[in-house]
Amino acid sequence: MSRFIKKHSQKVGLTPGSLVHIGKKRSEKIKVSLIDYNEKEITEKKLKSIKESFPFKDKPTVTWINIDGVHDTDVIADIGKHFAIHPLVLEDILNTDQRPKIEDFDKYIFIVLKMLSYNENKKEIESEQISLILGSNFVISFQEREGDVFEYIRERLRKSKGRIRKMGSDYLAYSLIDAIIDHYFIILEKMGERIEIMEDEVLSNPNTQTTEVLHDMKKEMLFLRKSVWPLRELLSSLQRNESALISESTSIYLRDVYDHTIQIIDTIESYRDMTSGLVDLYLSSISNRMNEVMKVLTIIATIFIPMTFIAGIYGMNFEYMPELGLWWGYFAVWTVMLILGISMLFYFRKKKWL
Amino acid sequence: MSRFIKKHSQKVGLTPGSLVHIGKKRSEKIKVSLIDYNEKEITEKKLKSIKESFPFKDKPTVTWINIDGVHDTDVIADIGKHFAIHPLVLEDILNTDQRPKIEDFDKYIFIVLKMLSYNENKKEIESEQISLILGSNFVISFQEREGDVFEYIRERLRKSKGRIRKMGSDYLAYSLIDAIIDHYFIILEKMGERIEIMEDEVLSNPNTQTTEVLHDMKKEMLFLRKSVWPLRELLSSLQRNESALISESTSIYLRDVYDHTIQIIDTIESYRDMTSGLVDLYLSSISNRMNEVMKVLTIIATIFIPMTFIAGIYGMNFEYMPELGLWWGYFAVWTVMLILGISMLFYFRKKKWL
Amino acid sequence: MSRFIKKHSQKVGLTPGSLVHIGKKRSEKIKVSLIDYNEKEITEKKLKSIKESFPFKDKPTVTWINIDGVHDTDVIADIGKHFAIHPLVLEDILNTDQRPKIEDFDKYIFIVLKMLSYNENKKEIESEQISLILGSNFVISFQEREGDVFEYIRERLRKSKGRIRKMGSDYLAYSLIDAIIDHYFIILEKMGERIEIMEDEVLSNPNTQTTEVLHDMKKEMLFLRKSVWPLRELLSSLQRNESALISESTSIYLRDVYDHTIQIIDTIESYRDMTSGLVDLYLSSISNRMNEVMKVLTIIATIFIPMTFIAGIYGMNFEYMPELGLWWGYFAVWTVMLILGISMLFYFRKKKWL
Amino acid sequence: MSRFIKKHSQKVGLTPGSLVHIGKKRSEKIKVSLIDYNEKEITEKKLKSIKESFPFKDKPTVTWINIDGVHDTDVIADIGKHFAIHPLVLEDILNTDQRPKIEDFDKYIFIVLKMLSYNENKKEIESEQISLILGSNFVISFQEREGDVFEYIRERLRKSKGRIRKMGSDYLAYSLIDAIIDHYFIILEKMGERIEIMEDEVLSNPNTQTTEVLHDMKKEMLFLRKSVWPLRELLSSLQRNESALISESTSIYLRDVYDHTIQIIDTIESYRDMTSGLVDLYLSSISNRMNEVMKVLTIIATIFIPMTFIAGIYGMNFEYMPELGLWWGYFAVWTVMLILGISMLFYFRKKKWL
Amino acid sequence: MSRFIKKHSQKVGLTPGSLVHIGKKRSEKIKVSLIDYNEKEITEKKLKSIKESFPFKDKPTVTWINIDGVHDTDVIADIGKHFAIHPLVLEDILNTDQRPKIEDFDKYIFIVLKMLSYNENKKEIESEQISLILGSNFVISFQEREGDVFEYIRERLRKSKGRIRKMGSDYLAYSLIDAIIDHYFIILEKMGERIEIMEDEVLSNPNTQTTEVLHDMKKEMLFLRKSVWPLRELLSSLQRNESALISESTSIYLRDVYDHTIQIIDTIESYRDMTSGLVDLYLSSISNRMNEVMKVLTIIATIFIPMTFIAGIYGMNFEYMPELGLWWGYFAVWTVMLILGISMLFYFRKKKWL
């Protein structure tokens, strides 16, 4: 459940804009890296202190500051002060239980996104919050922990591949968003495979665990949906944005990401429908099995109960039971019972129970 | 049910704007407290009579009048007269069965909210109505009873912590709303925990009470939803408000509360989906157990009924039954029965019933 | 079903605007009463003929003509002619199967509403159509039969209580609408009580009738919803109305009624969800009972069938059955059977079937 | 299924605007009738050839050409040429699988509607497509076959009843639409009756056929909905139409038809909900019956199986069974068995199984 | 599942606009054909290299370049360069997992559609992506493989049938879209037939496979819906398009295609409802069968168990059992048992179990 809502209790009663980290506790040191580039040059640095990045703010080059870890409130406060970021934005960066959203503060645009990854062991989707601050000549990205999907972008920057070195900070922000959303397709493929596997299981070997797994998958889908659904609005408003920070040529690229988002949402909805269909299939599969069990019971009981009754009759100890004395009595009873049994079988076959 | 709709009957037929208290009957005296502040000074008072607050109305300082208890219509009427509040607003304050709403009357804005708390004993969410009147230099807050989530705000005011003493009555109103809505997260955490507990129970030990609890949780969710849903519209219209009463800098904070509301609504919807999923899981869990019971019955019956039949056969009293005289007859019958029984067991194992 | 759609067949093929009464046939004489008032004076009359009301039309005082019974088409036609009402409006007044609606014809506003009452005997909501024509200085109200919820308003007019005598015909119309909608809360309380009673019944003593009652309640809810849902649009358009007929001060009161309507709709939707929840609860309750029955059967059968088999074995008449001769054989068999039975009981207890 | 989608295959690959008749094949001759009127005069004619109608086009009188049968493409092509109708409109007239729609081509408005009738034998709603072309002084109506709901309108025209002779072609078109939609109420009454009958059947005598009938009713409702739903938009856009072809006075009448449509849609949705409710009721009714059957089985088995076991015990042939020799043994066993049986019955009565 | 989402993994991390083919791997050579026409002349060519088409770009005639196969990225890149197509468009053409969409780039309009065909063997709908680029005097169409629904259009061009040779590239694009969407009706007919077949099967012979087939049909419907739903928006925006590329006369034709799309969506939704209805029908059909099986079991058990008990009684070996000595005892027992059995049968008949 903790994935659906994180501990807010600790924050209740604090001044709005108070800098409190909400999310998994971490103790490792925050890592800060910086890439500064224009079409001709590129500088890449691991920073010891966030202060080393401040001089880059006033250079005309594009500066990308990436921060791994948001549990050190001091670092975030320093950035806030130097880059003149609104306290509520800083609060949102620290609260890793944000809904994806976009906020336009004239001088910069603040974007919150979820980076998803599939944990094969727990069979669970894991989520990490990425916050982006897009200024006129800088992008600051905040991640919860090390490890991301941006390596390809760094590579492209270093090798000056594609458009990226020629364009501004808005294109860099777009690239980061695109990398995150592209990664959702991997999750969807995973989910698709799981649905296919469950489909086979439900049809060939439905067991008690099947419902549990289907229930988990439904929850997984709910979680995915909760992370992706707000992106529709986010990207739609980003693309239509009239902010001077986003150039028209980047806008076309954002439309492309928007289309991807719609496709992802469509697929999630289809998957949700399919999982629901699987639950129905499972239930009717159980019903069918119950039916089968009932039939076996009924056939056995129906055939043997009357026969046992006949045997019971001739097990009675009455002194005067004429049939008992007949030499063919025993065989006659066998014959009657066999005919009874066989006609029952025929009856059931006619009723298609066999 | 009384939580969903309160007794309106007593009001039927009265003039609109009549001051009648709708809600739980109370007899304790209404408590009125007042905090008056500007950046430099702060006065805090417990008032004996509401009249003591009237002089503060014309002072330029921000005045916060908090009233605990709305069952004394005279007090409300007095406030109405002095602060020139529309009779319908007074009526709404007294009627504690209001839907959360906002109404803009040029000179003041009237806001109705629900403060929720989770009663651990009854396992029920309890709701208290909070009405706010936001004027240019005052905020009047009405609560149903003592005890609230505003203590932190008073503390901040006294200690002059954060922005609050520097800003106007609109920021105070925002702070109150924010405190109420922040508290919803606590309720959500509670609900999330309950869902998790029920999930375990449904999977490990579903019993007759489980459905009752799930049904109660569904109702709880409906109640929560009914209180939260209207907030979306309320806060959206508050934030976009063009009233002179709300400054632009406060507006940014209201957008933040709005985001929280959306997140709360999202989470409630996810929880509703999960609870529905739990009901499905419970039903398929029952079906599975029934199936298991059926199988045991069928296996026992199927194995022993034919064997009992054979025993019955040789219990018959026919004079001429050749098998009875054979010295190995008895053992042969045992052998046949054992083979029958064991092959049945194999058959069931093959069918995966065992 | 006749509550959901009334006999229209008789009207098929008639000219639009033909005056035909659709609804329950009635034969009693139509009753017409008139109240004419301004701030200072009030005249109240029972009219013998509708014509007596015509002189009041041109007086500046507010005139309220109330007509009990719409089955006499001549009376309606007379009113239509004198007050210059569009033939389609007259047709709608006579057709008591109208959907609640509002139509603005410059010179007057036409409003159709449903007055609901709960028939304790039939356990059914009954509906009566109320049509209002609001002119600049008159209100004409049409009811299907005598008996209404307006008595309080008459009283207020007579005693000059509240605002009503000081304000115009629009406020009178508002008062009538408010009285009708306030009455819906009574119905909702009734429904709420029924849901609570059914909740207890489903949990403690679900029986075959329970489903029937739940089904009836669902239908009742559908009926309620059909009557209330259109009010949202109706009142919203009435409140935003730019017609000169509605003053701004009345508009504030209409917003209040609008809020009530939203609250009623919310509650109906919650009730619908709860009733659906009850059906689910009932079904799982039946499943649980079936399960219990199955378990008893299975336990009895599982314990006694093997024991009966053993008894059957020693009831066989084989000449050579060594056990039969042992003096302790009989007691051994009893012992075996008891051990078998008791171990079964333990097994079932372990499986939590007992 | 053919009611839901007709054979389009034959048209695939043809030029858009190709005149191909889609629908039930017919061979009878197309019948054309004409009514030409103004306030003073009326001419009525059965035409041998469509060409006879052309001279009326330029007369200022209102001309109504009604065509029974759209399977003769030549006739439609002739009309198209003479009245300057867009080829796509002609194509739509011939394709009887159109969705109800309205298209405004300045010089004329094209409307497609479905005329429904209830076939008592097949217990099915049948649909016929009606296309209307409304020009400034003419209306052309196309029907699939003879027999319609317009007879009343012809009568009114002949007898100069009501407004119809005084008004233009737009009022004639309105009258035709109104006649078609009024007829829907008849269908709804029919459906309402069927629901009521099924309600009784489900409660008193649910049988295997009940589900089939409920399934058919659901399909019928889907079909009805498919025909009626688009009317909402159609009539709404017709009423708001700014075309010079529709006068303001007719517009008020169209609003009336629009209201009817909303009411019809509301009722269909209520009926759909009720039918779904009936399916639930049926399922819980079956569950209840199954439960009852189970109880009888369990009671019988639970009472007799232990008793049979006791009888089995004393049927054993052990040489040393002390009870057998007691003179009161037999009666003691009977007593024990009776006590056992009776106490079981009491137990079941306490459990409310009896 | 691969139909719902294709392998995107290979693209993750590439520069946006990178040309990578996503979809089924193919190795055959890409085929390019060209048709160039105006009202008077027509040229048709199979091209060896895409370069042969470039000279046609600047001719005033309409040029239709059709490319079968998008797995050769070089060809696509060449076209992109020569016709000045945005890299994102080229990327979208190569990615055959696009959602249907339209994008307007002033100089050209880019449209993605799905061409569907029903694979009778797999009982599956297959989908092929068609991309169209509509320029002022050219249309470029991209298909995944050979074989299409455009043959009729080529025929019409060659024979100069209908409007097509007289109109511009916009009309050609419309014709292609129309051909694709017309083909959807064939799929719908197929689905309709399958629903009808399943309906019969569910009612007459429901078996374990039925659920599987219904589940497959639901998935098929989901897939269809995913391909068709976006068309509504696509065609609506194409029709309202204010681009200079689309003439007003073509716009009317696009409205026609739009209407078809709405009808297709309506039908899919009806089919979805019907398939859901079938699942319900199947479940209640299984319940009914189970009920029937239960009844047979109960009847047999209820009749024979008491009778077997009586037989058991007289099988006991008590020395003193007075009935055993009576000469009519045996016959009396038979009589009692027959009366018991017959009265049971009557009882069950009265309960309508027989």
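Think of it as A, B, C, D and E in the order they're written, each chain with its own count starting at 1.
Throughout what follows, contacts are C-beta pairs under 8 Å (C-beta built on N, C-alpha and C of every residue); 3 or more make two chains touch, one makes a residue touch a chain.
Because the structure is predicted, anything quoted here is derived from the model rather than measured.
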item: Shortest chain-hopping distance from subunit D out to subunit E; value: 1
item: Residue-number overlap at the subunit C/subunit D interface, same or different (half cut); value: different
item: For subunit B placed onto subunit E, the superposition rotation in degrees, Cα atoms, nearest 5; value: 145
item: Computed distance of Cα centres, subunit C from subunit B, in Å; value: 26
item: Rounded Å distance between subunit C and subunit E, as computed from the means of their C-alpha atoms; value: 42
item: Per-residue multi-chain contacts in subunit C, two or more chains; value: 283, 287, 290, 294, 297, 301, 305, 308, 312, 315-317, 321
item: Pairwise touch network: line, ring, star, complete, or other; value: ring
item: Subunit A contact footprint on subunit B (complex, rising order); value: 149, 151-152, 156, 161-164, 174-175, 178-179, 182-183, 185-186, 188-189, 192-193, 195-196, 199, 203, 252-253, 255-256, 259, 262-263, 266-267, 270-271, 273-274, 277-278, 280-281, 283-285, 287-288, 290-291, 294-295, 297-298, 301-302, 305-306, 308-309, 312-313, 315-321, 352-353
item: Residues of subunit E touching subunit A in the complex; value: 1-2, 4-5, 7-9, 11-18, 86, 88, 92, 97-99, 101, 103, 205, 208, 211-212, 215, 218-219, 222-223, 226, 229-230, 279, 282-283, 286-287, 289-290, 293-294, 296-297, 300-301, 304-305, 307-308, 311-312, 314-317, 321, 323-330, 333
